[in-house]
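You will see chain A twice below: alongside chain B first, and alongside chain C after that.
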Partner chain A sequence: MRVELRLYATLRRFAPNAEGGALFVEMPEGASAADLIAKVKVDAGEVHILMVNGRSSPFVQRLAEGDRIGLFPAIGGG
Partner chain B sequence: MDKILRIDMGAEGGPKMTEEPLGAYAGFGGRAMTSAVVSKEVPPLCHPLGAENKLVIAPGLLSGTIASMSGRLSVGCKSPLTGGIKESNAGGQAAQVLARLGYAAIILEGKPHGDDLYKIFINAEGVKITVDNSLKMLPNYDLVDKMKQQHGEKITCLSIGPAGEMKMGAASIAVTDMELRPTRHAGRGGVGAVMGAKGVKVIVLDDTGMKMRPPKDPEKFKEANKNWVEGLKKHPVTGQGLPAYGTNVLTNVLNEAGGYPTYNFKQGRFDGASRISGETQAETETARGGSATHGCHRGCIIQCSGTYNDKDGHFLTKQPEYETVWSHGGQCGNADLDSIAEMDFIEDNYGLDTIEMGVALGVAMEGGLLEFGDAQGAIKMLHEVGKGTPLGRILGNGAAFTGKAFGVERVPVVKGQAMPAYDPRAVQGIGVTYATSTMGADHTAGYAVATNILSVGGKVDPLKPEGQVELSRNLQIATAAIDATGMCLFIAFAVLDQPETFQALLDLLNAFYGLSLDADGVVTLGKTILKMERDFNIGAGFTAEHDRLPRFFKTEKFPPHNVVFEVTDEDLDKVYNW
Partner chain C sequence: MAGKDSLALLERGEIPPRYQRNSGTIGIAGQIRLLQARVAVVGAGGLGGNVIELLARQGVGFIRIIDGDRFEPHNLNRQLFATHHTLGMNKALVAAARVAEVNSDVQTHAIPEMLAEHNAETLLDGMEVVVDALDSIACRLLLSQTAQKLKIPLVHAAIAGFTGQVGTILPDGPGLDKVYPTNIPSGKGIETLLGTPGPTPALAAAIQTQEVVKILTGIGQTLAGKLFYFDIGLNIYEILLL
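Let's look at the complex of A and B:
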């Protein structure tokens, strides 16, 4: 299956060539968000916010075809 | 900081000033001071632009000390925008300088008899009030240049632009930063209009010869500040995220979460978000020789601001904040960062709240005045505001006024004040704060976004109503207390997550004043402030029905999550039951 991964802020350094931090990744059926993070070699310890289709999700979240996954380090503002 | 400067602008024969001891206001600072004075001395039913209203300017309890992050200034009055009490909070140099000059508050009261415009100059030798009608309708940058020529480079200015002189509901009070630029603003609620109604164009402060305020226990204070700084540097938000990208790092998060209000609160994602994100902004600033890491006042170690240069490398404005980028970006369907920076400068210069103006422009776009995405058209409209044309006066009076003028139903305001950059349907905790805050729709009053979206201070599902009332209540209480200290609210990211950093803040207060304040004492302080504000608003005619979001948030589904605001009215009415 193919999923869309979006890396933000300091996590973009793990995919420096991805336009705007966005890339499409082929994953085996049944893969989890943690599997995706491992595959693209993002340091899981730096991931503070994980969203699947705009909802906060755990690392063990099973992914589905076409899912949009957003990863952020700890950030704040306002 | 042991005296109050009171200036009666309406006295016979011209403004009359008196200096008085703190009296009943001893122990109050920042928002506690402004809300105490307004609630005690201003009749809630007075006209905000009339003689009975007062403008109170107060540094925080720790301002003017060596404590890091203590440079926030509170400005209070009855708001011309909301009709309720207002505390508008600004960075810049003024709080530190005013505190070192010994003032716990400046209170402007009365109503001038003529239409003269006044300058107030305060230094170690005292206070001088002079008429200077040559300052009339000067924008803030030109005004500050003139003050530099007259008083040198070691000054700090608090000023209003043309919007304040024209008494617009979106008028701000500008505060100069470390570079002596009028970039930090007490923006919300039309406080600039109240300063304009008092006939005061500028307050110039010079603390030459004044020293840091001395703590009661210098050793303990020094130790507490060391722990304080360590805690702020250690937390990833205050130590890394905010310094690197500034507040606009939130664009991508809110957009990803589907809570980024776009095309005047129609949808929660904006196709152009990445082009105006904090990541893009920081890259642009660095590439053009500006800076993405900079403080707004001396003693700031979070350094969330920056310098935004134009394409030719010349200073255009300070780093526009997330709220500003959103209100002139997604809210108006505009993905052009340079135009947003230009509008940030124009609004700083005319003295306008960037949230209120951006939302008003988006509402006007929905009303057919301009197409969504028409940045150049929006810039033209802002100049209409600066000139005070009839159209400009409509826009300059804010989103609610503009919505009425253009017959728009979808007007995102509470108590007449425009909502900031988080849709309350997709971030329901902030919806509770918008609805129930004494300030009108104000994200800073109880920043539930931290817990709903950013996983700071725990986690509460942003799309569900459960837990939001308690979350907002606790944050509103804590925020009111922090706003009394003069501390920048961004310390809360570290304080919420790290008990030892919260303790360092208590230690700073205790060592400075010789107190034994604990966590319960902080809660009591926050509740005391909120109660004063709430009682003032009740006196001004506010009822439970004013603690509601506009109806469309309950009836229009918000994509991509297709949610409505689900916190019930009964639950909203429980926020102040403690």
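Let's look at the complex of A and C:
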């Protein structure tokens, strides 16, 4: 299946050639968000918000064809 | 009661000149509601300074300002109340003095202390809305837990570089542990890499202030259970569901 991954802010450095931090990734059926993160070699420890189709989701979330996954680092400044 | 003269005018259907430019959006009933409201702003730095200034100009009648920190030179790039004159002074006390110059209808209660476990419930007691303008993730989580326990809506924001996020945490909705699910020993996020340039907190604070106004007046749609995320550098503006 094919999913769309969007990396935000500092996480974009894990896909420096992806315009705007967006890339399409082929994943096996039944793959989870954690599997996707491992495949694209993003440091999971830097991912604080994980969105699947715009909704906050756990790392174990199973993915489906066409899902849009967003990965956000922690922002804490004031 | 804050702004007695203004309230008396408003209750007669007259709009005090200082609120004329508010009335088309929130109306007389909305202005009365704001003047009778009690809001706490936790943190009077980059986010909080802008929020406090805007709440005062909007006419929120009581603002409790909580910050134990003092202004330092590295605050001058973004913190509205940091000036050459206020360096070394307590942020909450400076903010309260500024509000007195801006709007005499507004009462303030400046608390020159940091929010911590031992005082969190006392500091938030009696407030109708709380604004998270902190710069420590651990403190934000404590604030979220306390506000939910006391059943007070919390308006959160955080910034780093070109990016920021704003959301409203309701007592019975998802808490900030949805935003910060993992313990970060340093208590900091990517702002340690990207810094905190001035326009970013000003943008986030403006949205936070309008959240407070919407919550208090019931006008518009709030970001309850949502997170508005922006990246000004790439013109990304998204609403995420927590």
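Everything that follows uses one rule, which is that the second predicted complex is superposed on the first by the 75 of 78 C-alpha atoms of A that agree within 3 Å, B and C clash if a C-alpha of one lies under 4 Å from a C-alpha of the other, contacts with A are read in each partner's own complex, and residues count from 1 in each chain.
One rule holds in what follows: a residue touches a chain if its C-beta (ideal position, glycine included) is under 8 Å from a C-beta of that chain, and two chains touch if they have at least 3 such contacts.
Just so you know, these numbers come straight off a predicted model, no measurement behind them.
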With the two structures laid over each other on chain A, which partner does A:P16 touch: chain B (first), chain C (second), both, or neither? neither
Which partner does A:P28 reach: the first (chain B), the second (chain C), both, or neither? neither
Does chain B (first) or chain C (second) touch A:G54, or do both, or does neither? both
For A:Y8 in the superposed arrangement: first (chain B), second (chain C), both or neither? both
After superposition on chain A, the chain A residues reached by both chain B and chain C are 8-10, 20-21, 48-49, 51, 54-56, 70, 72-78
In the complex, the residues of chain B that touch chain A are 235-238, 240-242, 244-250, 252-253, 256-258, 268-269, 274, 278-279, 304, 321-323, 443-444, 447, 449-450, 453-456, 459, 461-463, 489-490, 493, 560-561
Taking the complex as given, what residues does chain A use to touch chain B? 6, 8-10, 12, 20-21, 48-49, 51, 53-56, 70, 72-78
In the complex, chain A residues that touch chain C: 8-10, 20-21, 45, 48-49, 51, 54-56, 70, 72-78
Taking the touch rule as given, give the residues of chain C at its contact with chain A in the complex, in rising order. 43, 45-48, 133-137, 140, 157-161, 163-165, 174, 178-182, 184, 187-191, 193-196, 201, 227, 229, 231, 234, 236, 238-242
